[in-house]
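Just dropping this structure here.
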Amino acid sequence: MFAEFLQFLFSGITVGAIYALVGLGFAIIYNASHVINFAQGEFVMLGGMNTVFFISVGMPMPVAMLLAVVVTIFIGLALEKFAIEPARDASIVTLIIITIGASIFLRGAAQVIWGRNFHSLKPISGNDPVMIGGAAVLPQSLWVLGCTIVIVIALMFFFNRTLVGKAIVASAHNPLAARLVGINPRFIMLLSFGLSAMLGGIAGILIAPISLAYPGVGIMLGLKGFCAAILGGLGNPMGAIIAGLIVGISEAVTAGYISSAYKDAVAFIIILGVLFFKPSGLFGVRGTERV
Amino acid sequence: MNFKTPRTGGMLTLAALITIMPLFLPNSFYYDIVILIGINAIVCVGLNLLIGYTGQISLGHAGFFGIGAYFSGILGIEYAWPAFAAMLAGAVFVGVISFLVARPIMKLKGHYLAMGTLGMGIIISIILTQEGDLTGGPDGMPVNPFTVFGFSVYGEKTWYWIVGAVLLITVWLSLNLVDSPVGRALRSVHGSEVAAETLGVDVPHYKVLIFVASAVIASLAGSIYAHYAGFITPEEAGFIHSIELVTMVVLGGMASTFGAVVGAAILTILPQLLTVFHDYEMLAFGAILIGTMIFMRRGLVPTLASLFQRKLS
Amino acid sequence: MSLLKVQSLNLSFGGVNAIDALSLTIEPGPIHSIIGPNGAGKTTLFNLITGVYVPSDGQILFEDKEIAGKKPWTLAAMGLARTFQNLQIFFNMTAIDNIMVGMHLNSDTRFLPSLLRLKSIIRGDNENREKSAELLKFVGLGDYIGADTDSMPYGALKRLEIARSLATQPKILLLDEPAAGLNPAETGELDGLIQKIAASGVTVVLVEHDMKLVMGVSDHIIVLESGKLLCEGSADEIRHNPDVIAAYLGESGRNL
């Protein structure tokens, strides 16, 4: 009974950690530019697909993973440079359409290069489950969890302790003041896209052994990551992480106890429920309009 | 009558286009594309009232289109309702549902509204996919032909005139609404909510009103589509379709009724043209989308219209 | 009967009292000004009176009716109108359409007749369009009737906002820094416009930093500091009030 719950909990935390990483990517880009990047899910797809590709051409797994992340980062930078930057002062809706265009473009590119097939990626440390409290946990789940924790700590260090990280936080807080002290907003935006692409790429590599890698894998992951970002209060990175875990666990528990058919609806039911009562997310600050 | 106003001139042009179009349609394949343009345009003209004029995004309107389609499908096949009654029932149902969610959802702003409407649309499409006993599940379901007074509507040519007429009426109603006190109230919500409120505009009321109106239009168009196509799948209600609809509105030009029609036409034709690229279809589609939005931010029709005006003066 | 009465009004944002036990009265008729240093709560007070903010505590009486917490559109219908410190023009509409939104409450806003564009809608629109054109002329914008708002100069937009609020046929008009960003010549014309509005029977309440304008047009001046009432009186009384000089005008006050 409890073991069963634990089982659901572990699978929920695993997928929740991925949502958290994707949501974090949304939050970082939003903070730097007030853009919602609907191509965030495609970063996840690119991480997985590139790793599969580099392994298939004979590279050792660690090298393939590293290269995949680097390639994804470059795509993120290119996206900012060629699609977002030229339209920086466009309206919210226009920017949404541009990033949706980018996500279609990246999916299309993946289809052209790698075809429409599903690819599997070998788990990092095999498939033999580890027993924890009577629940069978895949080693890959532990990798997902471990890596997510490491990334979150590294990001906290980056944002709070390094000059560049503080610059990002500063310009999210007050863009004008940041510019006055010499922080280049273009550089910050570029950096935020690179950083989010990196997070997406890593998430993609981690989840690929569980979800498989295929051109469309990023759509739902991206949308649920968006859910996490909004649920946590847009632009609140910690909120996004917690919300990602909440969404993941709720999904797994729903699938286990209620109905696996409606698993994919859970994230959206939660978000509607929360937004209806708290229009700025769980941890969002309600702003007062200045007139 | 002043033929130079966008209203009369545009209506006449659209009517003329619809009338002479069949001369240039060699076979049913082309009819099919034009009918789909018409159906998409009907939805987009309604959605444009919400997005373009009132400034409220919806990433979930395909959900309402889907409900309309499935009402026509299910009530017709399972319960043998007459087509008109099923269509109306779908519209009423969508009216009630959209009214119920409109109050809380239209309180949201910007990206939160995008999330809320997106979530609503996805939930609808998941329900349509999962309730397989009624809806046929992910594979979809057949729909009865449209029947009025015992006559069944068959064939692309008949449907062409029906869709053309409905589109003309929708465009006419939309132009009327925009050029009325209600239309100005809607635009003022887009311009500045706080100013609109202090001038006496009950902003929540108008947001709800136009959300419901655009949803009902989507539902009616969904019913028409269902009867025309004869077969529907949950994809009609899906996220991708919602995105397509918004893209049509934005690409054609926000706050332009004819822009919505042009946007629907381009984005319905484009994938057909791009099929010559085979595997590169999606790639090209994405690139065109990004390029157009960067270089014509306000959309095709407003951008071209102001270019044209500058040439004149 | 006083036109507007504020009684022990409070509004706090996260523990900070933006408005602190404020009481004041606006009598119908003359031109009133509210002055005070930045952060004194002038705009906040306007936002409370027009229903944009809801007070934490206290009463706002308009013609002896409690209006605190009422929605802005209800208040507009009762006869309260305002302009904004930062322009809130509908930039997606022409100048005259901006004014016509101001006539919303006096328009036929039934949905079905609007959809069908019945004769009554057309007739109402034509009447309102004429009235709007007159209002534009009244504020000196006769040349801008069909103009796109995004091509109008700043000073004209300020006037457009005043004309738009007048279109609601208010009993009281709250002007939030109408002279901000205007050159001296434009401010001089504004002075005349404000007197013209007051002469037409609308009570004007002005929040303004331009002391020359305030001292010139005001019959009654209210001084706020830190959300509290510092003092009130005629221009002369305020000019010579030592509290005002100390708290607000400082060194420059001697030059007045």
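In this document, chain identifiers A, B and C correspond to the written order of the chains, with residue numbering beginning at 1 in each.
The working rule: a residue touches a chain if its C-beta (ideal position, glycine included) is under 8 Å from a C-beta of that chain, and two chains touch if they have at least 3 such contacts.
The model shown is predicted, which means the values in this text are computed figures rather than measured ones.
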Contact-graph separation of chain B and chain C, given in steps at minimum: 1
Chain centroid nearest the full-protein CA centroid: B
Most distant chain from chain B, judged by the mean position of its C-alpha atoms: C
Inter-chain centre distance, chain B versus chain C - centres from mean C-alpha coordinates, in Å: 41
Distance between the centres, which are taken as Cα means, of chain B and chain A, whole angstrom: 31
CA centroid of chain A to CA centroid of chain C, Å: 47
For chain C, residues contacting two or more additional chains: 52, 84, 88
For chain A, residues that touch 2 or more chains besides their own: 289, 291
Of all residues in chain B, the ones touching two or more other chains: 194
Of all residues in chain B, those that touch chain C in their complex: 173, 176-177, 179-185, 187-188, 190-192, 194-203, 209, 213, 255
Complex contacts: residues of chain C adjacent to chain B: 50-52, 71-73, 75-77, 80-82, 84, 88-93, 97, 100-105, 107-109, 111, 114-117, 121, 124-125, 128, 161, 164-165, 167-168
Interface residues, chain B side, partner chain A - complex: 51, 57, 104-105, 107-112, 114-116, 118-120, 122-123, 126-127, 130, 194, 239, 243, 246-247, 250-251, 254, 279-290, 293-294, 297
Touch list for chain A against partner chain B, complex: 30, 36, 83, 86-87, 90-94, 96-98, 100-109, 111-112, 219, 223, 226-227, 230, 234, 261-262, 264-265, 267-269, 271-272, 275-276, 279-281, 289, 291
